[in-house]
Amino acid sequence: VGCTPSQSTGAQAGEAGNKTPDKVRVAYMPNMGSASAVVSGIEQGYFEEYGLDIELVQFAGGPAEIAALASGDIQIAQIGHGAHALCIEGEAKVFAIDALSLSDVVLANKDKGVSRIEDLKGKKVAVQAGTSSEIILNLALEKAGMTQKDLEIIQMEASGMVSAMVGGSIDACATWEPSSTTIMNQMGDSCITLAGNEDFLEQATFASGYITTDKYAKENKDILVRFAKALLKAQDYRNPHIEEICKAVAKLIEADEATILDTKNGAKWLTGEEIKASLEDGTIKKYYESQQQVFINAGRIPEPVPVEDYVMFDIMEEATSSYK
Amino acid sequence: MAGDSCTVKVKIDHVKKVFNVRGNEVVALNGVDLEIKENEFVCVVGPSGCGKSTLLNIIAGLDVPSSGNVLLDGNPIDGPGTERGVVFQQYALFPWLTVEKNIAFGLKLRGMKREDVQKETAKYLDIVGLSSFAKSYPKELSGGMKQRVAIARAYAVNPEVLLMDEPFGALDAQTRTQLQSELLQTWEREQKTCFFITHDVEEAIILAQRVVIMSARPGRIKEIVEVNIPYPRTQETKMSQEFLELKNYIWGQVYEEYLAVRK
Amino acid sequence: MNKISDKVWILISFVTAIVLWQLISMSEAGVVFASPVEVIEKCIKKIADGTLWLHISYSLFRVIAGFSLAFIASIPVAFLMGWYRPVRGLIEPWIQFVRNIPPLAYIPLIIVGVGVDERSKVTVIFIASFLVLVVTIYQGVRSVDATLIKAAKILGASDRDIFFKVVMPASTPFILVGTRLGLSAALTTLVAAELTGASKGLGMMIQTASGNYDMGTVLLGIIIIGIIGMAMEKFVRFLERRLTGWQETHVQ
Amino acid sequence: MNKISDKVWILISFVTAIVLWQLISMSEAGVVFASPVEVIEKCIKKIADGTLWLHISYSLFRVIAGFSLAFIASIPVAFLMGWYRPVRGLIEPWIQFVRNIPPLAYIPLIIVGVGVDERSKVTVIFIASFLVLVVTIYQGVRSVDATLIKAAKILGASDRDIFFKVVMPASTPFILVGTRLGLSAALTTLVAAELTGASKGLGMMIQTASGNYDMGTVLLGIIIIGIIGMAMEKFVRFLERRLTGWQETHVQ
Amino acid sequence: MAGDSCTVKVKIDHVKKVFNVRGNEVVALNGVDLEIKENEFVCVVGPSGCGKSTLLNIIAGLDVPSSGNVLLDGNPIDGPGTERGVVFQQYALFPWLTVEKNIAFGLKLRGMKREDVQKETAKYLDIVGLSSFAKSYPKELSGGMKQRVAIARAYAVNPEVLLMDEPFGALDAQTRTQLQSELLQTWEREQKTCFFITHDVEEAIILAQRVVIMSARPGRIKEIVEVNIPYPRTQETKMSQEFLELKNYIWGQVYEEYLAVRK
């Protein structure tokens, strides 16, 4: 990964001094949602600027990332919505927000006579339990006065859904990028989108973000702040240069550029500015509260936990305080 | 079984058998010619390793000659057949079957009725003196007992041709004598053709009409000795002049071969 | 020393396991490892709402069906491979190729081929156990003592008879290994199999719980699979005692 | 019929495979099944940018290291289990329990235990192949003819000698089965093993491509794993010929 | 080896052996008492299945008596030891080792130097006449050849006590005679103690100082016959009056037992 010097030289540059950079290993998953910000930061040399030497370690899913954090081999992990449940339970702490996922959709096969949520009654619908798409499905059903019990729910993994949808063995599915795009491309006109994240922004926010262990946070607060600062710059760079970042991510994970480009709208890519503002007006806290509510509704979390217990607003604030 | 005693039952014609052992050739048989007539009792003697078992395997259809032919009733042998029964030198009992079931194995394959199988099995168990071990597994038997099961198993299917490879080798002299006379009686009564390998020259003379003496490796037929002592032969036969002369002669012939191997 | 019975050893192992488990769950690994108490709570909850039995029975059916079909199919295939060269030539490369491929990899194909109903799960489990069984039993067929086959031929056995009455009993130790490993393969493929679309089943339960980061339920599922496996091992032991009494071995 | 050599059969199998593959990729299964041309394109691309070799060499190292360690460990363990009752009592329940658990289930635990570097991948592969090897070789140890052990004892063999000079050679057929299935287990666990935080490796490549619906790369990965498996089988064959020449069997 | 010939080497004291076969008890030995003196040559005869091999196994330390004691040099036997060598009835060759390596097996275990191993192996290969089969595997040998490998293997480790279970049973009469005299010479030269099971009464008398006659199941010692014919014994010995009388006597005794089994 090359590090082109940044155009925006800030006063922060001095913070790193001539000390040898602190080494940080960061866990990520091979998709845009997870890798875009950190890749942007590395590409632009923001982490270097803040005296951080980032080593990326790729994981296939949240549980392995969390385990790696616990082992101490990884200091920081980028996680999606689901793994936040563990943070709520106190297993790890969130110290930076990354993006809001928009990639979940409920897709249906028109040829099977489904054109509205209501038509799903008694139909075979594939979901993968515990994913944010399942929550979107639940919300959509709720809006139509239905529950999962009204459908024939089939638990399936994302790649299975593609073949099952295209092969016609299921009538609808709740899925996410890039399987959703693949299904839409393959099925053409027969495919209809019944619901998506945009429909339920109030009820459900699927924030992704960066987490670390309690212990690391206590001992290395300084590093986390620097990381968060660099991340804000990276997020600023990401939004206007999303295609460039897509290509960089594609290169990193050795995927087709086209595939990754397809997912460029899979999330609301937060910028530093937005984060600073949302933090000040309490929107970010609301994101996390709404996210926790999703877990409570699903029965995953028995009772509410103060958001402050697991989201380190202090670090977020310190990072944004010096933000231009 | 209506054949007159001059029909050739088994014809071995220029049989050669070469084993390929990691590149080297071991010639086990080299140009063996032999005609065994219907209802004939032939014994084979020869030094250890001269190819007796190999010849028996070929007649049984379990091994193919490298060159030459073997005919049974005038037809080339191609694989084993139920008209030939074999007692193997190493018994080859089925270790997962009881004594009884080992003996019944061939009978059941012939689709014999259950009660007949039982009757036959019991009969041969009695002949070999193992009635009280019917339910034992081979591993629970002594060496000689295993050998007797193998004998009973071969007898039970009542083959026209009996091929026996040192079948009484592991038995005490008394059981051996008993089984010898039992075999002779069956042979006379049921017109079987017998090909019987033994190391015991006395046994060969007591049983056989002709004794085939094989020469040391590469195995050939050195000489065929006719035994003109009339049946039934008994323990007294062994005291007769004729018997003793034959015995000495055959012993001497085999001894020559034995010396040839020792060089 | 030898007087201590098997039961005692199992007890010792069991207690060690529980203690170890508790210790692990209290260490930093606790993040991904629920404590015994948590698991028991989950268990009681799932028994109370009746879902546990459903999961177990669905999965059990799939494992038993997939394995049984594999067993029935593998024995003749292994025999034919051992006996007839053309069959071996035709089948062997495929078996060798497929057996090294992770089951996850062919799941989409199976969904397309047989759909998402019970058949797809049974198929995945079938494939996994079939491959193990065929490889093992084929080796067994190859190792049968030639003189026993000769003896059977002489007694008039057809190829079929030789197969059922000689090769099969003579390969019992291999068939037992195959059964053990085939059952293991069936159970370890359960999670993958139930990714082909299921609403009930232990694999699904684990999968769902893992998606929800509900480590108590994940562990509960794993333990149940482990226990099912041990119960099946008991059954194999029982067969073993019945089938290999004739073997002359050193170990009792 | 028998004159057609093995090579011809492999060729027939190969051509059938390619034709079948093309047909499947043209059917509705094409969504999840890239065509041969696509896969070849991916392959060329990945060779050109040099990543393919990296993936292969990382994975190969892990598989070989994990399997070799498992092999070395399993033989004495299987022997001790067969020989000493207390060892058997202590170890067996664990092996029976763990061998039925999907590897995916214990991966988080391994990450916590040994971290995310090469050790964790090697450990996952080690466990998977060790369990298969131990079960197989233990059965082999149990099946050794008692008289051979007696003969060795009489000639002055210690337990160690009996193990190395009698039990091991006598269990060769079982060790071969164990090696075959252990290698399969190593390869099929590769994807799971590389979930423990890797950036190189065939499993990771498949995993990432599958997440991105890049079926050409998924299939390429699978085929490479299959080919590696077949190459390893060739090696096992070679060993087999060297080690079992003494066996008296029917099949050539 | 300095012991005088009156020291007791092996003492068998009230040995009983019961096999448990699926709930039933098979009494193989019942109250066997026997003292074998140092450098004594004892032969054992008896009907098939009377417990000879079982007794040998117990002396070898491969099987434990159900009751009673076996002492070697005054110490209870607990497991096999290198001072005893065994030729098994079923050979028990290691199928994965060549003939040569089978014979060298025990020598290597003793840590003998390579060249000495080679020398010893070659020597015993020659005695049993298998020098040209040194590199063969057991499956490539004839029955008698396998037996000879087993004999060579037991001899090679040069044990004080030789326990042999029908060691010459699968051999032709000539090889048998040769190996008999070879064994006698070794025994005389090296002061070995021999326990030798055979079905051949002549063989027993030619070899033994005492012949133990065992009775039919449950195995007991029926009688012990002293053979006072001086060594060296040769083929001529077999013609002597003393020999023939002994032979008839022993034959008769075993015959009684044989009849007892047949009822």
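Going by the order they are written in, the chains are A, B, C, D and E; count residues from 1 in each one.
Methods note: a residue touches a chain if its C-beta (ideal position, glycine included) is under 8 Å from a C-beta of that chain, and two chains touch if they have at least 3 such contacts.
As the structure is a computational prediction, the values presented were derived from the model and not from experiment.
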Contact-graph separation of chain A and chain D, given in steps at minimum:
1
Identify the chains adjacent to both chain B and chain C in the sense defined at the top.
none
If you walk from chain to touching chain, how few steps can bring you from chain B to chain D?
2
Counting only C-beta pairs in contact, which pair of chains has the most of them?
C-D
Quick one: report the Å distance separating chain C from chain E, using the average Cα coordinate of each chain.
49
Nearest whole angstrom, what separates the Cα centre of chain A from the Cα centre of chain B?
84
Separation of mean Cα positions, chain D and chain C [Å, integer]
17
Chain A and chain C: spacing of chain centres that average the CA atoms, whole Å:
38
Quick one: which residues in chain D touch 2 or more of the other chains?
28-29, 31-32, 108-109, 111-113, 147, 245, 247-248
Using the touch definition from the top, which residues of chain E touch two or more other chains?
22, 90
Residues of chain A touching at least two other chains
63, 66-67, 70-72, 159, 162-163, 166-167
Once the touch criterion is applied, which pairs of chains come out as touching?
A-C, A-D, B-C, B-E, C-D, D-E
Footprint of chain E on chain B - complex, ascending:
19, 21-22, 26, 45-49, 52-53, 89-90, 129, 135-136, 140-145, 148, 165-166, 169-176, 178, 199-201, 251, 254-255, 258, 261-262
Show me the residue ranges of chain B that touch chain C in the complex, using the header's touch definition.
60, 62, 79-82, 84-86, 88, 90, 92-97, 105-106, 109-110, 137-139, 153, 157
So in the complex, which bits of chain C are touching chain B?
147-148, 150-157, 161, 165-166, 169-170, 172, 243, 245-248
Within the complex, which stretch of chain D touches chain C?
1-2, 4, 6, 8-10, 12-14, 17, 24, 27-29, 31-33, 82-83, 85-86, 88-90, 93-94, 96-106, 108-109, 111-113, 131-132, 135-136, 139-147, 149, 173-174, 176-177, 180-181, 183-184, 187-192, 203, 206, 218, 221-222, 225-226, 228-230, 232-233, 247-251
Contacts from chain D onto chain A in the complex sit at residues 28-29, 31-32, 46, 51, 107-109, 111-117, 194-199, 204-205, 207-214, 217
